[in-house]
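Note that chain A is present in both complexes that follow, paired respectively with chain B and with chain C.
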Partner chain A sequence: MSRVGWIRLGVIAAAVALLEAACRLGLIDHRTVIAPSEMAAALWRLLASGQLNDMMARTFGIIVLAVLLAVVLGFALGLAIHALPRVRAALDPFFATYYAVPIFIFYPVMVAIFGLSVIPILLMGVASAIVAMIIATLNGLDRVPRVLGKVARVHRMGRIETAWRIKLPAAAPHLFTGVKLATSYGFIAVIASEFILAPAGLGRLISDAYTDFNNPRMYALMLLLVVVATVVNMALHALDQRWAERRGIGKP
Partner chain B sequence: MSAATPGDDVHASLSGVTRTYPAAAGHPPVAALGPVSLDLKRGEFFAVIGPSGCGKSTLLEVLAGLQAPTSGSVSFEGSAVAGEVPDGIGVVFQEDASFSWLTVWDNAAFGLRRAGLAEAEIRRRVDDVLGFMGLKDFARAFPAQLSGGMRQRVCIARTLVLHPRLILLDEPFGALDAQTRLLMGDELLRLWRRTGATVLLITHALDEAAMLSDRVGAMSARPGRFLDLIATGWPRERDSTIVGEPAFGELTGRLWDNLRGESLKALGLAGMPTGLAAE
Partner chain C sequence: MNSTVTATRRAADTLLILLALLLAWQALYGIVGATALPAPAATLAYLARFVPSARFVENAGATLATFAAALAVSYAAGLAIGVWMRLHRLSGAVGEPILVALYSLPKITLYPVVLLIFGLSLSGRVTFGAMHGILPVAIMTMHAIRHIPPVYVKSARALHLTRAQLILTVLFPAALPEIVAGLRIGFSLTLLGVLLAEMFAAKHGMGFLLINAMQLLQGEEMLTVAIVLFGFAALANAAMLAVEHRLHRRV
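Let's turn to the complex of A and B:
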């Protein structure tokens, strides 16, 4: 690990140790926050009991599906919009302000239309993630050198083959930024939707634990989500770095 | 690949070709090229020089079929060039057009894989071309790990491996320093002799045009027309050592005589006293 990595790890460890000490010394009320070691112990008990298996499969399954749909549809739409400059000009203000609008206000509408099921949660996940992917696709395609389009024509490629063999790989580093953002947004939207209103899922379990004043359970579940989100993000970042270095892009 | 000497038969030709870019966003139409007529003989090395913006690259793209002429006609091996790049033409561009996501080996194999050749044949041809271009030790490297000159060699290898009969080079060494350009010129002559292909080289470097070509076409300022077609008279077996010969100096002098006035026109300095124009 690099020196910066060790420093980063040290800062996190120090913050956790500080919180642990503050909780143990009674500086923080245990009804408000429990010690990190208690969170970890409660999470271990929950995982070992197998109680969370179904809920984890459901929530993480929805997140994976939402992100996959957002990435595939976002790329396809980005490709189509990029090929239609007038449509793009009309949509640009919409994309620019999309994340300024709290799209969760539409969640009750989704529930009213589709019922209290997986579908409204999935749609919220896709809706949150897809625009990040569209914007990343447009940015990526903007940066594909024009000369590669000429090379494609010299090789007598059609539009679809050019998109698949040239534009997609050439824009890949930027698309990967979209994938990372879509993953984060999809994760947040699914958990938040479950927290607001859902028949099941990890978000719902956190909400129930909160209502029941069950701090160990609530913090254990929160720890689980933080750990999963961090691991996924770090894995994507590491993959991105590896590809970028290989292609000489050298992302910071 | 077989070596060939330039013959008299016409391999590709431009006849009364003009290219005008239509008006766009408040700008009037731009007459970029022509009228230009040119017969490229099979197996010859032809260089085009001219001032910046005179339509050299437009000429190359019209000949390749990447742009349609506004008037006139283009033919390659007796067939009209229209709408798409004909089979048998390879183009190397000035900009880095290597595929950054593929290794050097996979870059070179790109066209062969698309053509559906057998893996053994692909391996044979790619290994051969990488060996010829001095890239064998870098076969597993990615373009970002190579210098600009080597990346350009990757692009040339990717073109060459398809055995084009007409190779169009649009200032392929434009981004390289003078010494590297001379050495790359030697490599270009070597591959030209080996393949027997017809080569059209666009360049802004007088010495490059004079050293490499059988004939040089000097173009006017925009809209570009040929002012002079000069036969260099060099033997087919030649390399960069000819730059020290007196005939080389005479040749570059003649090219500069053709181009000086046109370059001043292109810079908007025509008609000014020499001293001012030089400033």
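Let's turn to the complex of A and C:
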């Protein structure tokens, strides 16, 4: 690891150690924040007891499904919108505004329509992830060299074959950026929905633990989500980086 | 002349899409019925009645005050962190991946910690809003300063500018368009943070109104609040986007 990497690790370790010391010495009330070692121990107990399995399967299942739907539908919609320049020009203001408005405010509306179930949570996940995928698809298709379109025509490919065999691979790096963003947005939307109002799920468990003043449980669950989110984001980032390097457009 | 024609046509197309959305809403209302989703016309009528009411003014004022404080913290801390991490290279190299990792965390899960520290108070909601806003502002500021052509800094050095002069007269103006982009994203995320905080635990504010209306099954009020917030965020975004485009053209 590089020198900078070691320093970064040191900074993070020092921050955790400082929190640990402050909690152990009673500088921080254990009713407010518990020591990191206690968080980890509580998480270990929860995971070992197996009582989280159902909830983890549920929440992560919803996230995976939402992201998959968003990526597939987003790519299809991106292709369609790209083929219709007039529609695209009309939609541009919506795309520019989409992530600026807290679309989460429509979650209560979804709950009112579909009831308190998995469906509104899934829809929020898809809704917040899909536009990132559409925008990434449009960006990617804009950068497909025109000569490739000619190649497709020379080979008399149909629309679907062109999309599948020419446009998809040529736009892949941009599409992957879309996948990365969609994953991150989908994750946040699903957890936030569960946290605010849901029949079950990890977000709901955190909110319940908070209401019950069950700090070890609450911090253990937070630690779980933070670790999962960080690992997933870092893995996607590493994949993206490797891909960029292989194509000779390495990002600094 | 030709460009105004295209611009008009584009605006007309955008309006058509808005109309289509309105029709979709009406159709959905036809399918799911009035208890789940009120009709567009009824909602708009409610909007006209509700917005001038004291209840709305009070709650919108509460959200606006919280948001203004959170935004001030986001901008001040974000800009300070961004500038510091570029001026001090090692801090930047060490800190940037940490900031990026923190940025992509679902911060909503950490709201109970904020509540335990601050209680159900204004400062808790301000802190939570700022937690959402500081990181994008800091990251975008850092990127903005990195993209400044090195020759600017060299000429500043040739002119023996002090560090304060370097920041105020060279770095800041050159990085301004991208910084404004960061401020724009910070604006919308801070708003999201404040609203989430109000939705989860508050007795005032627009987020509270939303959740309250949902629990009382008052569809008109729920959609009215959502539409007002949507409009506010969209207008603010459009205004900041316009500033950004003007700054880009200037440079």
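Criterion: the second predicted complex is superposed on the first by the 243 of 252 C-alpha atoms of A that agree within 3 Å, B and C clash if a C-alpha of one lies under 4 Å from a C-alpha of the other, contacts with A are read in each partner's own complex, and residues count from 1 in each chain.
By definition in this document, a contact is a pair of C-beta atoms (placed from the backbone, for glycine too) under 8 Å apart; a residue touches a chain by one contact, two chains touch by 3 or more.
Everything quoted here is computed from the prediction, not taken from an experiment.
Once the two complexes are laid over each other on the shared chain, residue contacts for A:Arg31 go to chain C alone; chain B is not touched. When the two complexes are overlaid on their common chain A, residue A:Lys150 makes contact with chain B while staying clear of chain C. By the touch criterion defined above, A:Ala229 lies against chain C but remains apart from chain B after alignment on the C-alpha atoms of chain A. Of the two partner chains placed by the overlay, only chain B lies in contact with A:Ala170; chain C stays clear of it.
When chain B and chain C are set side by side, the one touching more residues of chain A is C. In the superposition on chain A, A:Thr97 makes contact with chain C only, not with chain B. After overlaying the two complexes on the shared chain, residue contacts for A:Gly50 are found with neither chain B nor chain C.
Interface residues of chain C facing chain A in the complex, by the touch rule stated above, are 10, 13-14, 16-17, 28, 32, 36-37, 90, 93-95, 97-98, 101, 104-106, 108-113, 115-117, 184-185, 187-188, 191-192, 195-196, 199-200, 207, 210-211, 213-214, 217, 219, 222-223, 225-226, 229-230, 233-234, 236-238, 241. Residues 61, 64, 66, 84-85, 87, 89-91, 93, 95-97, 99-102, 110-111, 114, 142-145 of chain B are the ones touching chain A in the complex. Contact residues on chain A toward chain B in their complex (touch as defined above): 145, 147-148, 150-151, 153-157, 165-166, 169-170, 172, 246-249.
Residue ranges of chain A in contact with chain C, taken from their complex: 4, 7-8, 11-12, 31-33, 86-87, 89-91, 93-94, 96-97, 99-102, 104-106, 108-109, 111-113, 184, 187-188, 191-192, 195-197, 203, 206-207, 209-210, 215, 218, 221-222, 225-226, 229-230, 233-234.
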